[in-house]
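By letter and in written order, the chains are A, B, C, D, E and F; residue numbering begins at 1 in each of them.
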């Protein structure tokens, strides 16, 4: 078992607020990120996949497989977008770093076979990041 | 003469588009950054100031002067904001990296006396940045 | 369970030496870090916390909770200090990266409830870091 | 138990191709990395070691032990080299990031006693890295 | 006048040696980089271009112009290659960082009109880089 | 003319305070850096040298020349030291980033012939740096 970690970047806007809450409550819960017009980030995604080393090729995964998957399932839908408005997933769900990481995990988890998705790390600013490794059941 | 460079970060959303243009024309001029709902970045600002070294203190600038100036004039108005909507300057002017850098320069240029603002660098993504050093006349 | 990692920075001086040892023995054990007058570092601290995602807020922790805790318990006592002289903990205990990481862990471990402190990483130079995750019992 | 992570860098060339395969097959398996003349990278190696903290010294490992080991066993044989030609290990084994990480693990695993090698991370480009933690048996 | 800086990456192998010199002389002049089989780097290229800000678009350059130019003229010929063997320019000229930077400058200098190429910086390792800004005459 | 930039790192402690001033005045002038016991940093030094390209070697400087110079004149005297106590230059002169950069410039300026020292950049924290390029006369 060896772990392969690939890094990707996308830029997106979001608002952290629940529409049914008052702006004061949203401000209390989300701080300045509750600004109604929104703000944005350069997100960095680190996708870690574990699998067996093919003794012939010396690789865990076919060339470009993760790149293609992340490009079509993650970057195309999220890069250059306003998450709360352009991405169906985040119309109802608040696009916190935690929820974005979980969404990327859910999107990729069943696609990396026969390898196994080990974790998704989402770096939101140079000071904040989250890491999600799925539910025990999935593993 | 010695140059002091201080680095700051803010997160903001923007749309690159001129309202009077068709969305096709905006897409041609600004690429995916023309997405009407907007997207965002973690911006990094590097403010470079030149001045004489005070032989007593060994400093070019009073302690915390640039920090206070950038905090009140740049970060508070821009951090956590949607530039085209929340910032008067960018309601009419398209908030490209170039225009944001020039705006920060204009905001700070007359305030750093007796030192001299040498340049403002705005890093928009890990691959793109702009640097503005004012007009010849200002220098 | 999701992991949130937040990064902080502080600058401090230290000496690596045991007062009861000869300077030759200290030099053997700690290399150039045993210089009696001391030297210093920009330390980076990465605090990782694990907890359940609040389904309403999409957050693991209340806004600003870790920031406030680290600010008052870690940065204020350590930033801008000479660890062996200014910090009671390190008058007797040699402030190696290992001991600093453990001290930060001990300081924070009981405070992040109901979440769980997952690890403390202390980056001392661009080439050296340590990571501490507590004793089994604590977990 | 505390983990110490040390970072090292080396620069090397490699070709990803199996000599017995056609160049078309190698191109399919390895993409542009199959270029027969070779290409190269600045590799970054992060060696993580776990052990008990010596209560006297506050250290997990003797001063400079990992540095000396990595210098003689990893950097001297690999730095500035064409892996497929200059390094016996990689004359038969394709020097993918996975195989290089495993080779560094195998080289170091029995040498860091009484501590334990926890993982070897090899960063090949700013977007790709692998991490190897040995076989269960070894642990 | 505003300066736009764009960053690109490529990975290549090279040998620093003049074929007509003895290996001892090459070793004296180029150190370990003279290893006859070659070694390699992840090169980072920072292309800086200066021009007037288009008051309508707020941009110095048409969208994607530098990207397309660097992709076709710099990255495609150099990325994944052994410079001394695969790139005609470097069959005779030793591919030092200095010569690679100058080659990239020469390749781009006449193509960025009506803007002006301001400098090419080539970062070879995390400790070494060169910057070339052309001959006076060219400017 | 081409510019070569080399990066070095050292770790040191310092106090920013003038002994003849009250601690209140020092605190006003230097902020928390006036802490009497001292604090420290990982300093990064970027030495930029300009010179003519040797058409035979493709290099501006003899292999290892800047490394040897910086090692003996800058790193050995400053790395692992308490600047105000261990370094004669800084017993009287307050070791601000500005003064350290100027000291490194003065130390190196006459030694890099026939090339020319172009600038010394000293990065003190991830947010603060200074750059010194000498007096006009020296150039």
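Just so we're on the same page, a contact is a pair of C-beta atoms (placed from the backbone, for glycine too) under 8 Å apart; a residue touches a chain by one contact, two chains touch by 3 or more.
If you're wondering where the values come from, they're calculated on a predicted model, not measured in any experiment.
Shared contact partners of chain E and chain F, listed by label: B.
Here the repeat of A-C among D-E, A-B or E-F is E-F, since over half of its contact pairs match by residue number.
Interface comparison, B-E versus D-E: the higher number of contacting C-beta pairs is recorded for D-E. Centre-to-centre separation of chain A and chain D, using mean CA positions: 28 Å. Centre-to-centre separation between chain B and chain C, using Cα means, comes to 34 Å.
Multi-chain contact residues of chain E, defined as those touching 2 or more other chains: 126. Chains that are in contact with each other form these pairs: A-B, A-C, A-D, B-E, B-F, C-D, C-F, D-E, E-F. Residues of chain C touching chain A in their complex: 1-8, 48, 53, 56-60, 62-64.
Contact residues on chain A toward chain B in their complex (touch as defined above): 9, 11-14, 32-33, 35, 37-42, 79-82, 85-86, 125-126. Of all residues in chain D, those touching chain A in their complex are 16, 18, 28-31, 93-99, 101-102, 126-133, 135.
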